[in-house]
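Chains: A, B, C and D, in written order; residue numbering restarts at 1 for each.
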Amino acid sequence: MAAGSGFGNLFRVTTWGESHGKGVGVVVDGCPAGLSLCEEDIQVYLNRRKPGTSRFTTPRKEDDCVEILSGVFEGKTTGTPISMVVFNKTQRSKDYSEIASYYRPGHADYTYDCKYGFRDYTGGGRSSGRETIGRVAAGAIAAKLLTEMGISVDAYTKSIGPVGIIYENFDLEQRFENAVCMPDAEAAEKAADYLEQCMKESNSSGGVIECSIKGVPAGLGEPCFEKLSANLGKAILSIGAVKGFEIGDGFGVAQSTGLTNNDAFYYDENGEIQKKTNHAGGILGGISDGSEILFRAAIKPTPSIHAAQETVNKSGENISVNIKGRHDPVIVPRAVVVVECMAAITVLDALLVNMSAKVENLKKFYEKL
Amino acid sequence: MAAGSGFGNLFRVTTWGESHGKGVGVVVDGCPAGLSLCEEDIQVYLNRRKPGTSRFTTPRKEDDCVEILSGVFEGKTTGTPISMVVFNKTQRSKDYSEIASYYRPGHADYTYDCKYGFRDYTGGGRSSGRETIGRVAAGAIAAKLLTEMGISVDAYTKSIGPVGIIYENFDLEQRFENAVCMPDAEAAEKAADYLEQCMKESNSSGGVIECSIKGVPAGLGEPCFEKLSANLGKAILSIGAVKGFEIGDGFGVAQSTGLTNNDAFYYDENGEIQKKTNHAGGILGGISDGSEILFRAAIKPTPSIHAAQETVNKSGENISVNIKGRHDPVIVPRAVVVVECMAAITVLDALLVNMSAKVENLKKFYEKL
Amino acid sequence: MAAGSGFGNLFRVTTWGESHGKGVGVVVDGCPAGLSLCEEDIQVYLNRRKPGTSRFTTPRKEDDCVEILSGVFEGKTTGTPISMVVFNKTQRSKDYSEIASYYRPGHADYTYDCKYGFRDYTGGGRSSGRETIGRVAAGAIAAKLLTEMGISVDAYTKSIGPVGIIYENFDLEQRFENAVCMPDAEAAEKAADYLEQCMKESNSSGGVIECSIKGVPAGLGEPCFEKLSANLGKAILSIGAVKGFEIGDGFGVAQSTGLTNNDAFYYDENGEIQKKTNHAGGILGGISDGSEILFRAAIKPTPSIHAAQETVNKSGENISVNIKGRHDPVIVPRAVVVVECMAAITVLDALLVNMSAKVENLKKFYEKL
Amino acid sequence: MAAGSGFGNLFRVTTWGESHGKGVGVVVDGCPAGLSLCEEDIQVYLNRRKPGTSRFTTPRKEDDCVEILSGVFEGKTTGTPISMVVFNKTQRSKDYSEIASYYRPGHADYTYDCKYGFRDYTGGGRSSGRETIGRVAAGAIAAKLLTEMGISVDAYTKSIGPVGIIYENFDLEQRFENAVCMPDAEAAEKAADYLEQCMKESNSSGGVIECSIKGVPAGLGEPCFEKLSANLGKAILSIGAVKGFEIGDGFGVAQSTGLTNNDAFYYDENGEIQKKTNHAGGILGGISDGSEILFRAAIKPTPSIHAAQETVNKSGENISVNIKGRHDPVIVPRAVVVVECMAAITVLDALLVNMSAKVENLKKFYEKL
């Protein structure tokens, strides 16, 4: 669908809202009926992207309280659109004249002006990180349904700047215990030190988010253009700061060989087909193979920094700017839940589409009705 | 669109066909009327993916002659669907019983069986590299139209295994002069040596393809889910062997900082806004910024290799197989034109969608009619 | 798009909300940037479908005040999604146990239960007439933009039960002066008498709505499946009570002949091509021909009536019910603006899609950027 | 999807080809795997629209032999795209200069020129009746799958000009026994006489096609915009000559009342919910209710007639033309199978989409895998 704010085929998500407007929200159309759902289910996910929860996130007070406006009746989804909204506490005030006058480097100010002729210059408008609230609210629903199907989706920080996690220390629960969302307490400390350093230098850092999806049945994803890997890639690359996506061994395959990269199949003790390795990241020919799906996203450094930067204003001048306000020195930790939610939406959509892959299942299904 | 063989919004591509069936083809719907087009325009692109053109590609004789069946009248596109077909010379013969009995590692045999209950086991069916013929035929049209608009799309091999090009030696035309499609004659020789070695070891190699798009006007791509970068990512990740996609500095941003990664704007001598650097790869907030779009794709090693591999057969046994036939030791060189074509399709689609971004243009447009 | 609450390609509308939930609303994605828009523009249209404005509409007090939550900045559309909401004044109260226990004839109670396993039984949920609020809010935007392009969309009541308008008396403005939305004062009086009679008999009436679209440039609509007539048909038939759609002479063509039905072309005094008659209703081969587009919709009688009706309850019994509450004796007058709005959305979408029909226009367009 | 030659969500049809080009065809993407299918299954349907089978259809010799090019392996659909082609016997010859110079009344010549700047003037190009070959080929597959699910789709001529069938004489099989496709032998004779008269007067006739769909489970169709009735309407109105669509009592509801039009529910002897009448035509709130779906389409008279007609040429002159060649005096009989096929495609697509309506079914479905 050409209009840019919708995603998904059968589980269809449409987000709306600007950073400093009245609110941000999402409509989820095509959610199967009968899922238990309440606002708390959503709020738990939104709280994970909330600023002000650590020294590396903006101390602005934003409550981000979600309201479900439709599609749930007597505690269950009805099959009709679920509309959710988070009203903004911080709406437009009157000191944007400066920011309106120039283009911030690394931001979408210039490209929005090119495309639309003007832009909502308050707080980044639609290209703000607050746009992801709708994604997270929708993803919380998808994740809840996946969980009931025995499918888990877990993202975490893999690295920040030069500091990466060590898999020997891996403890998924740990990601909720530190400010950088790392599943490795030791690495988290080092990353925190590195970020302190960045802040002192009025600078910011990039990083890598990794996401693990377990329990996915084999067979999800459509051949050719609707490969599960391609749709995961689009989902993740549609998040503002993402500049790279890789699945399984990813860019590592470029220096690998067939003998190493091919995953050997074998029958396990239960007579189930398994793979000895998982270089493929759980997807073969674009279709899930039943093993863990593992992908990574490269997140760019926060473009808003306090240090002086060169840019242009709309009066035709080359200028130097210092962007005021409080800025997170890193996007990664708050983007973790966004990655997780986009992955959940994508997998659920593939799950729904796959139901009609075989005539056999069609017949069984309608026999029952 | 859920069915997997379609791509694009306004410039809509639908591919069909199996490796060893009657043929492969594509229907291009929504191509603007009035483009000069003949079969030779398409054939030139198809020839670039043709096997048998070097010692690293399969010596099977496949002519891959394209026929345009509709949508062109008196040498011009009519605006109605352009159907193109390449009839297969090598159709199914009768010796597939062995390959039908087991699952080739690294191939989609197993996942197709999981999804559909059975599969076309002759030559890989729909997951074969021949599926890309339809993409290339459609992309050739997109590329021709883009060229007329002053937009160029050029892909080339950036690395094969450990051998990468050196930008000081960069000569785009050189990519047509060597068997590995590298724009660097020296690197091409080293890569060829490396591939000879792989072949001796009955092994295969991965690599990286890079693609440069020049002349793209600022403003292409839609906010949020239809970002130009997200759609390029999906386009490229939907190609069979691609395991990673990155734009601009890509995974490099993870270790970069805001000060380095932000591209400073400035006014050039003509009063045009330019960027001093292009870490963003030509896209800001998902929308083209007018500078070169540069992305890379990681291509896995050919999964079909002569060396013995462990796998399972359908009788419940763990077995060892040697996959017969001639196999390319590397996918990269033949995939270069596929990457180029998918990029062209994506950019053209964004170009068409962008025409209705502003009321102002809408009025100008219909005033003229 | 499979999920049922979205409509349109480039101008994409997604509605949400139930009759007795928190509210109803719509997200409009893909509206071109730069259109002046305020809540009053929308409210004017919503007021036309408001109940309680005549003796033939429900006297329930519903203010239906629209709020624009996003997509408009400094009085202009930004090109990003426009989210609009009408919060319900009448939310769920507690006396629905009876209505929950049986299936109302002529309503969607039974089919929703079949599809989803249960339903929101308060006020009809998603199949309520209040669902059309989102359509009208979106249509108001489309109509405003069309007006600026010189295109008018006007619907009106053509008949109620046996009482039809007489074209000699036709006065479009008159439709706002009477309770039945007829552009003929005399017919309106007769229709009112007929409705009084229906109400006395605890009965209801059907009718026909006609819609005239003027100023549409030739060339809108795509060949084959996206014919302008087919999309208008879908748009109108998607309105709850519509059971028939016809364009131009409609069902009249079945008894016509080629000699009569063909519209002769001629050059007018300005050298413009015109048609002597308009049996085609402004569309030839699915594409607008520049003349008035004229279509009609058949609206069924209000299914909720006070008279006793036979039906079944969920306990397996055949029962007789009298549906309580105040019911409009006719749907037609309130549906007029809904028809108008769905037509406006469809025409605007076709207008946007048509911009990329020719290479020639593509070149002119991007030359200017 | 904006590009006009595609239809359907999960069962996705893309047609291509012009009347006098190399051929016409269709790609069916998303057909469930495992359906037995051979060319004869398709040919039977194509033969029903074949010209030259009666005195009222064009005696041109067109074999219309279908070839399946992909998507079927060992006699079964594989789940991947099914490409089908009918190569034209009558390709372009050289005597079109006259027809190229003017606009035929009632045809799409003028509107195609307006939209695209020029047109394929040989045989009507894409607006020719031959475009429906792709629809029929795709519909034959849908109908076969529906038949296996116990769903039948049957269309027939209801009236030609003033001659309508009498339901007391109704015999569905009879439609294959007469030249006008009427399920009433007596009416068929009268219609034939009427058509003879039309031919003598160099004139043509319109008519009505009716379609009955039986065995559809309750629950198909999505709320709001994807109502089954709305999609059937779009499907049918997208056929070239259709000017009206109505379902159930259709335009009759306009003069009906609630008491008459509401269908009472009751429990039958098996405890199944049934309706005493079927004014609704099998669809309530846009969703199938389990009873017969019945709709009608108004077909315009053949626009190509031998009688002199006024029109314009491209040199700016008002002229009179006699359109040469052999023309059918009525479109209806050959359109019957097209209506049937479009209905089958629409119902099958709704059947597939409906599988994911409930969480309950999702769980049962994936439990089995």
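Operating definition for what follows: contacts are C-beta pairs under 8 Å (C-beta built on N, C-alpha and C of every residue); 3 or more make two chains touch, one makes a residue touch a chain.
Remember, it's a predicted structure, so these values are computed and weren't measured experimentally.
Student: I need the common contact partners of chain A and chain B, sorted by label.
Tutor: C, D
Student: Which chain's mean C-alpha position is the greatest distance from chain A's?
Tutor: It is D.
Student: How many angstrom lie between the CA centroids of chain B and chain D, rounded to a whole number?
Tutor: Here the centre of chain D sits 37 Å away from the centre of chain B.
Student: Need the CA-centroid distance for the pair chain A / chain D, whole Å please.
Tutor: 44
Student: Where in chain A do residues touch two or more of the other chains?
Tutor: Residues 1-6, 9-10, 15, 30, 33-34, 79-80, 115-117, 126, 217-219, 223, 353, 357-358, 360 of chain A touch two or more partner chains.
Student: Quick one: in the complex, what on chain C touches chain D?
Tutor: 1-7, 9-10, 15, 103, 105-108, 110-112, 114-117, 126-127, 131, 159, 161-162, 198, 201, 203-208, 217-227, 229-238, 240, 243-267, 271, 273, 276, 280-281, 283-290, 298-305, 307, 309-312, 316-318, 353-354, 357-358, 360
Student: Which part of chain B faces chain C closely enough to touch in the complex?
Tutor: 2, 9-10, 30, 32-35, 77, 79-80, 145, 148-149, 217-219, 223, 351-353, 355-366, 368-369
Student: Under the touch definition given earlier, write down the residues of chain B that touch chain D in their complex.
Tutor: Residues 1-6, 8-12, 14-18, 21-25, 27, 29-30, 33-34, 67-71, 73, 76, 78-83, 85, 115-120, 122, 125-126.
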